[in-house]
Structure formats: C-alpha cells, structure tokens
Amino acid sequence: MKPATAAILLSCPEQPGVVARLAGFLASRGGNITHSDNHTDFAAGLFLTRIEWQLDGFELPRAEIPIAFAPLGAELGAEWSIAYSDVIPRVAIFVSRQDHCLLDLLWRHRAGELHAEIPLVVSNHDVLRSAVEREGIEYAHVPVARGSKQETEERELRLLADHRIDLVVLAKYMQVLSDDFIARAPRVINIHHSFLPAFVGGRPYHQAYDRGVKIIGATAHFVTPELDAGPIIEQDVARVSHRDGVGDLIRNGKDLERVVLARAVRLHLRNRVLVYGNRTVVFA
Amino acid sequence: MKPATAAILLSCPEQPGVVARLAGFLASRGGNITHSDNHTDFAAGLFLTRIEWQLDGFELPRAEIPIAFAPLGAELGAEWSIAYSDVIPRVAIFVSRQDHCLLDLLWRHRAGELHAEIPLVVSNHDVLRSAVEREGIEYAHVPVARGSKQETEERELRLLADHRIDLVVLAKYMQVLSDDFIARAPRVINIHHSFLPAFVGGRPYHQAYDRGVKIIGATAHFVTPELDAGPIIEQDVARVSHRDGVGDLIRNGKDLERVVLARAVRLHLRNRVLVYGNRTVVFA
Amino acid sequence: MKPATAAILLSCPEQPGVVARLAGFLASRGGNITHSDNHTDFAAGLFLTRIEWQLDGFELPRAEIPIAFAPLGAELGAEWSIAYSDVIPRVAIFVSRQDHCLLDLLWRHRAGELHAEIPLVVSNHDVLRSAVEREGIEYAHVPVARGSKQETEERELRLLADHRIDLVVLAKYMQVLSDDFIARAPRVINIHHSFLPAFVGGRPYHQAYDRGVKIIGATAHFVTPELDAGPIIEQDVARVSHRDGVGDLIRNGKDLERVVLARAVRLHLRNRVLVYGNRTVVFA
Amino acid sequence: MKPATAAILLSCPEQPGVVARLAGFLASRGGNITHSDNHTDFAAGLFLTRIEWQLDGFELPRAEIPIAFAPLGAELGAEWSIAYSDVIPRVAIFVSRQDHCLLDLLWRHRAGELHAEIPLVVSNHDVLRSAVEREGIEYAHVPVARGSKQETEERELRLLADHRIDLVVLAKYMQVLSDDFIARAPRVINIHHSFLPAFVGGRPYHQAYDRGVKIIGATAHFVTPELDAGPIIEQDVARVSHRDGVGDLIRNGKDLERVVLARAVRLHLRNRVLVYGNRTVVFA
C-alpha cells in the first residue's frame, strides 16, 4: 500500500510568492511534495493550485493541519480544502432503468479503479436490484410519484446522511433534482448524454439525429440548480454517419457515457478537480 | 489522366427493385459501374444512392443521358442530378480578414487536392489581395457598408454569374447573407467555428471559453436561410484544457476550421454529398 | 421483430456489369434490396460487395438460394458467402484472468447489442467462473500445462464442435494458438492491446511506456497463423501523457480494448466484414 | 507586449523539499512565479519541473541568474537550463520537394503563432525557392550527391552557424542525417509520417496500406542517432477506411503531419518540453 498523502486544492487572488509560501509552509514542517501543479487564470486574476505531500515525516498531526494552515490561507485570501489519500470517500449511485453506467462503475470499483466505497444505490425503479445486491451493496427503491417529489427527496437525503455519503453520482438518473436537494446534498456529478451545451434537456440523441450531426458526445459535470449548466469535468465524442439511426446513436452514446462518467468520478475521487466560478481546473 | 465518369446522386421513396432498375439502366447501355453506395433512411422512407460509371464504352452521348434517364427517374418519383468527372466545378471563395482557410484552400488547389477551378475571391476587406493575386486569381473587393447590403449582394451575384461560379465557399466570411442572396446564388458552403449546434451566432470561442468546455469543434455546412442551421457536411473536434485561454481556443480552432472546411469542399466537389431534408448523406 | 433478410458478401475480379447482374439476379426473383455497398480495389483488381435483401417476397426458398446463385458466382469468378439475419451465430469466448472484455461482452449480450448466442466460455484459469455461470453460460476450465498444448487444444476443439460454435472471441486470452488449432477452429477474433503493428508480442503497454508514446491504441483482428498479423477489423486510440505510468496505460487501455473488441465482434456478427488477402472491407 | 519572463526546465533525483527550495530561491529575490508544473517519475526516481517567473521585480540581473542558481542546482544534482521569453529563438527549416509542412510553418510564423525568427531554409532541391524568398527568407540550395554527404553536411553546419540557428526543423527533409551532423548541430525536430514506432523507415503510408490499418498517424520527435527512435514530442492520428488508397493516406497524412509538427515546434519554442532518457515531459 502506498504511504498516505494529503492534498490541498486552493484558489486565491493572483499575488507574488504564493508558490514559495505554500511550499515553504510544507517544507518547514518536513512535508515532502510528491505532486504540485498550478494554473493562473489571468482573465479572472486567480491563482489555482493542487499540492500533494507525504504525511510520513510531516511534523503536524492530521487534526492540526487545517488549524496550522488557516492563517496562511486567510492571508492569501484563499478558498481551500484538504483531503487525505487514506480516507476513502463514500459514494451513492442514483439510477433509473438503464444499467450501463451503473454496471460500469460497479465493475471499476471491484477492479480497484475507484478510490471509493459504494455503500448505496438509489433508484426510482426496482429493476436493477439484483445486480446491486449481489455486490453486497444496499439497493434503496425510492419511487417518484407525481406530487411527492419533496417527500421523495427528503427520504433520499436521509439515506445519504445515514450512509455518510460524500459524493452522489447520477448514473443515468432521469429525474431533475430540486434546488433544495442540491443545496443540502453532498457534491453531485451527472452524466449528460450530449456534447453540452448542445442538446440540453430531454432526448438529446433524438435531437442530435434530427440535426444531422456527424459527431455525438457525452458530458460529465457537477450538478448546479441550473439544469445541464454546471461546471464541466470531462467530455468525449464519437463519430457517427448517416447510416446511424437514433438507436445506433443511443448505443454508441452509452459507450461514451460510461467512460466519460467514470473518468470524471475517478478524477474527483482523487481530488484532481478544482471548481471556480462555473469552470473546472482538472489537475490530471 | 483517369477516364471520365458520370455520377448520379438520387433520392426516391423506398420501393422494391430500385438498385436493379438503376443498375440495369446502366448495364443495358454498356455502363461499367465503378462505385455505388446506397442508404435507406427507414424513418423517412427514402432510398438514397450514388452510382458512378465509366463514360468510355457507354452507348449514350453525354447530352442524351438526362433525357434517357428522365422516364425512369419519374417512375421512381426521384430527385436526381448527374455530374461528370471531367467537368471541373468553378469555385468562388468569400473571405473577410482572416486568411487561414483561404490560404489552405489555395494551397490544396495548387497541390491538386481540389477538383475545381478557383477564378474568383470576394472580400469585404482589401487585406488579402496579394496572397490571391499572386496565384493568378481575381480579387474582388466588395465593401459592405451599413444600409448598402442589397447593392453589395447584387454586385456579388453579378460577379458569380460573370465567372460562371458553381460553388461559393465562405472561408471565414463574417457577414450574414440575405435570404434573397441564398436563393439566387449557387450552393454555398460555410465553416462555422463551433461544434454546431453548440454556440450558434457570434464569438463562439468566447462562448466556449465561458462555458468551460473540454472539447472545441468546427462544422462545415450548406448555407440555408436559417443562420447556422443548414445541413451539416463535416465536423471535427479538438481537446482543450483549463490552460487554454480564448486566444488558444481561437488558434487551435483555426487548425480545425481549415481541415473541416477543406474536407467538406472536397467531398462536395467529388459529388459525394447528397442533401435531403436538413440532413446529408456523405458517400465517402 | 424485424423481417428476415439475407446478406451476401462477395469478391470477384473487377469486370463490367457486376452490380447489374447481382441486382438483376435478386430483382428477377422478387428480392427487395435493403442495403448494398460495394468497393473496387483498383490496385488488386477486385470488386467487393455486400448486398442485403428481404426474404419476405423472395421467390426462392432458403435452401435453394446458394444453388441458384452458384452459376452466377462461378461466371464472375467470385468468392462468396450468404448469411441469414434470423440465424443467430453461436459464440465462444476465451479468457484468461482479466475480466474486462468478458464482462463487457456479456453485458452487451444481455443488453441485446450482440446478434449472437453465447453458450460457452473457455478459460485456462478458474477465476471467472461465477461471473459466467450466473449468466447461465457454461464455463469450461481448460488448464494449459507445459507440454500439454496439443491435448488442451484438442479438448477446446471438441468443446467448440459440441457447442456448434461459429465464432471464437479471444477476450484477453493470453495463450498463443497453434497453426493446427487456427486451421481447424471456426473464425477467431482477437483483441491486441496495442495499435498494431506497433508493439507486437508481449507486454505492449510496457513497450509503449518505454518508447514514450503520446497515444496508445488497441486492435481487433482476425487470427491467422502469423502472430498479431491477421486482417485488422477495428482500431482505436487514446491520448496519454508523461503523467501516465504503465499502470495508467493498462487501465486506459482496458477501456479501449473492450470497446474495440465489441465493435469488431458486432460488425462481424452482422456480416459487415469481408476479408480479402490480409485486408478487410468493413461495410459499416 | 507581455512583460519578460524566465523559465527553468530542471530534472534531478527525487528528494524532499525540492519545490520549496526552488520556489524559495525565486521568492527571496522577488521573483513572481506565473507558471509552475512538476512531475515525479517514480520508476526513474526523477523529479522534473518547469518554473516560469517574471523578470520585472526580480532582483538578479539576467547575466547573474545562472551563476546564482548554480550552487542550488549542484546541491540537487540537477540538470537544468534557463530561457528568456524575450530572446527569440532562430529556426532553420530543412525541406526536400514536399511543401505542405514548410508552407504551414511559414504561415504560422507570419500569423504570430511561432515564437521564433526563421532566417534560413535549406533544401536539397531547388523547387521551393520562390515560396521562401517571397517571405524574405534566405533559401539555400544544398544538393546531396552520392558520395558527397560529408561535404554537404559541412556546408549545412556552416549555414547553421552563420545564421546562429537554435533549432533545426526537418519539414519533410527526406535525407538521413549522419551521427556527426546530429552531434554538432543544434536541436533537431523531425516529423515522421507514421504513428511511431509503427512503420519506421521508408514509405510508411505504403506500409500502412499494406498492413490494412484503420487509423494512420504522424509523430514529431527529436532527432537522435538511432533512426526514427528519438524522444517523441507529439503524435496524432486520423481514421481511414478500405476506401482510402495509398494516395488518400498520403493526402490525409499531410494534414496530420503539418499540425503535429507545428504543435511540437511551438511547444519546444515556448520551452515546454523537457527531455530525459528517451522520453519527454510536455508541460502543456
């Protein structure tokens, strides 16, 4: 097993000496940096960085790191968060009827590709239960009835709290979440079956077919109150031709969706994605 | 030099025996088919085909081919057109200030990649004259003043007529054409600097930057009265990252634009593109 | 359910009138062509075609089609085969320890993407039994011991015969097949974990890492006696960077492998792949 | 105009505190870091970094920077080089008969995409003179006769020295350079018309056609004595099909070649490429 590391994601106004001060903070306490990457968005006047260092040999006990760092963070006017490589995030997957993204994530989890525990799958249908339960994962069937949205979401939020979930992955969950849910839930990543911002809303493959595009795409993004408009984490595309009907677009799109969603989830779980405004920096 | 061929592009309602009747029409007159490809759009109930055959050995003189074919075309309820490989289409290129697509087309023309003559370049600016004239091509400076659009377009249409132009290529021509111009001009192909239908309208790279996309694109399409909504011929994309500012998107986009436009123009010049409704079949 | 069709794959020396004669053969017997595509390889002097027609309304009973077609095939000097859309090919999957391609094929089979039955999985290890048996598929553990290759292959050939297998898919089967096995087995499709012909032989991701490539690939091909040199059906690639170690190349490569293999198998099962010499025509 | 910056490319054995020491060296002298990115190759035990900082406000005069840095570099056991954004590298382009890469580089130079001066084009043929001279660039025709290679290369080396060339770009220069030339010339970047290491040596598109690949590629790499085996800077690919003959592969390949070469040259000119062993780190 790899020795534990800590990783800070930080954004602050552009100013001289930030790298030196951050690196100096760590070096003076025996922190050995194993990865650092930064980016300056000159248009926004922001410095954005990710620094990872080994906890072995670092003088501060884990609980004191945020306390010790806070004054420097404040001086820099920074927003920041720290994550530890040996703290395994807990993920809940939301699905409807389509299984391709769910099965793909479960397979990657079993194959050790995802730095996560998956204690919970939530669905508004009861069709995927056996595929989930045979992995030893709880399957919560939370039907969505007309007029019961608020109740449904309350129940989902309780499930997330009970399972101490850090990340919700919408793996083809065909329901729109309320602003209230988004505000109270942990981070939510969604896979949208188009090359956003083309074809927002419903039935994007039908829209793509009607428009006669030669390339289709998929987009993984953080969910925000504005539908299909949250910060993009990852996108990919595939070529299609006039020979492809809507059914072919859907089938080829599934291959895109599961790969794009898995990449985005994996990047986020490894603390590689920094959000600022409606944009992401992906320290890949 | 390759022996001359004729190519028919045809669409008709789906019905039994079309391939046999078309192939029989040619075979019974000594026509040797060198390429045939067809597609059935079951949703639209349409049969779409391209057939190319050698004129050498074909019993009909060229002038009689359309006359002889018309009855069969009528029986099939078909729309069709016939082109000859030794009739070189005449192309006019419209540009504004940016030169990358223009220079690329001129280079490909010189390199023998384009089955076309290019007797005319039209521009609303006078900045690219020398690059055009040194190729022995006429450069017509047709300024566009506020309120003079109709006059301008009349002058352009006369230029197209005088030079017997078969195809207009908008190689980063930053003017919107009127419906009247589109109705009266020959076929017009445009390059749009986004992955349509994302980012229609102006400043697509700025829009793409603001949306934080991870992939940019370019789209070549036939021009129709509805802006940026005509049948798509070709699209391609390139990956970008948070490190790319608007300037980088524009620079990388130029590489896409010139390749995508050139591919679309080349396909059309070789009679490989069949339009039906707002879609294309590309017999590549 | 779609009405049944027949599809012929045919190659013959280039000659006048082939399309008309083939289409005429079908039309004169009431055959309605739903797809036809052809290609002339001028370098090889070969005409290559795929024609699909509806059996409903076709005057010949199925058993007589090859008999009736044989004289025309002989006149053309053609090699040809006919397949029927309602005859479901029977596929055996060979695996070793890695499960990603196997699970992907099983999922696609369940999702209705593959026009096939999968009655048999063969493995030289016993580690993937449960994933196979829970799909109701027989799992044959055929260990390969030093010096027992011939016996092993005899046992495998018997299994293929007993299950009336039409296609063997090597889904990361890490054994080299003997020439004798290849000669006696039905068609075999393999997935090679590199962009052939780069990195033939063992440990291609290690080779790719050592060479410092910026793009990795995967290749699906028919198996022939010469290792990794059979006709290529499909390839795809993914971009990598200096940040990717061998482990990352392997992980990203798996995503390529399963998609490329699935596409190749699907194309072959739909009779879209015509082999001539060491090349394929993919009528996609 | 952007204010001048300095950029250091450095590799050294992995050790604690490197980032802090490097950043501290700059911060203590008033250096404001605008870009820093690093990578640890754990397999090779190497730390590799690029740091760029503003010269405005930096306390050391330019001439003293290397002297002041040398002790720290030595302590770290580092190899390093420093470049300045306002020192424009001088590039010589070598060509034979094909013009597409040359014209592309000349166009990009004129468009301001390349951070370089181009005072010299060398060719073993005299066919591209006018395209070069009309840009105000010297065209040196240095014919290569059988048995005169050494003389030829001496003449070329003198030209490089006379023009104080920093980088040689082989833009489809179809001659093999001697080990002696490579040792004595400045850095040389070559474009190879295949997806290396597939199809090393001559006529790669013919090789690709014969192998029946479904994707072709191009590779830009630094030239080393071993033919086609130097460190890869950039690669890209394009999809082809059975319909593409050798001529089509060549034409499509040209589009790849010019884009891949231009990207590699641009990255190198902006000091973004660090070579170690036979690999590159591209700080893109």
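Think of it as A, B, C and D in the order they're written, each chain with its own count starting at 1.
Quick note on the criterion: a contact is a pair of C-beta atoms (placed from the backbone, for glycine too) under 8 Å apart; a residue touches a chain by one contact, two chains touch by 3 or more.
A quick note: this is a predicted structure, and the numbers were derived from the prediction, not measured.
Path length between chain A and chain D in the touching-chain graph (shortest route): 1.
The rotation that brings the Cα trace of chain B onto that of chain D spans 180°, given to the nearest 5.
Relative to chain A, the most remote chain by averaged C-alpha coordinates is B.
Centre-to-centre, using mean CA coordinates, chain B is 37 Å away from chain C. Annotation: 42 Å between the Cα-based centres of chain C and chain D.
Residues of chain D found to touch two or more other chains are 241, 243. Shown here, the protein chains touch in all possible pairs. Every residue of chain A that touches chain B in the complex is listed here, in rising order: 39, 41-43, 195-199, 210-215, 217, 231-237, 241-243, 245-246, 278-282. By the touch criterion given at the top, residues 99-100, 103, 107, 111, 113, 134, 241, 243, 251, 255, 259, 262, 284 of chain A touch chain C in their complex. Touching chain D in their complex are the following residues of chain A: 16-24, 26-28, 30, 32-40, 57, 239.
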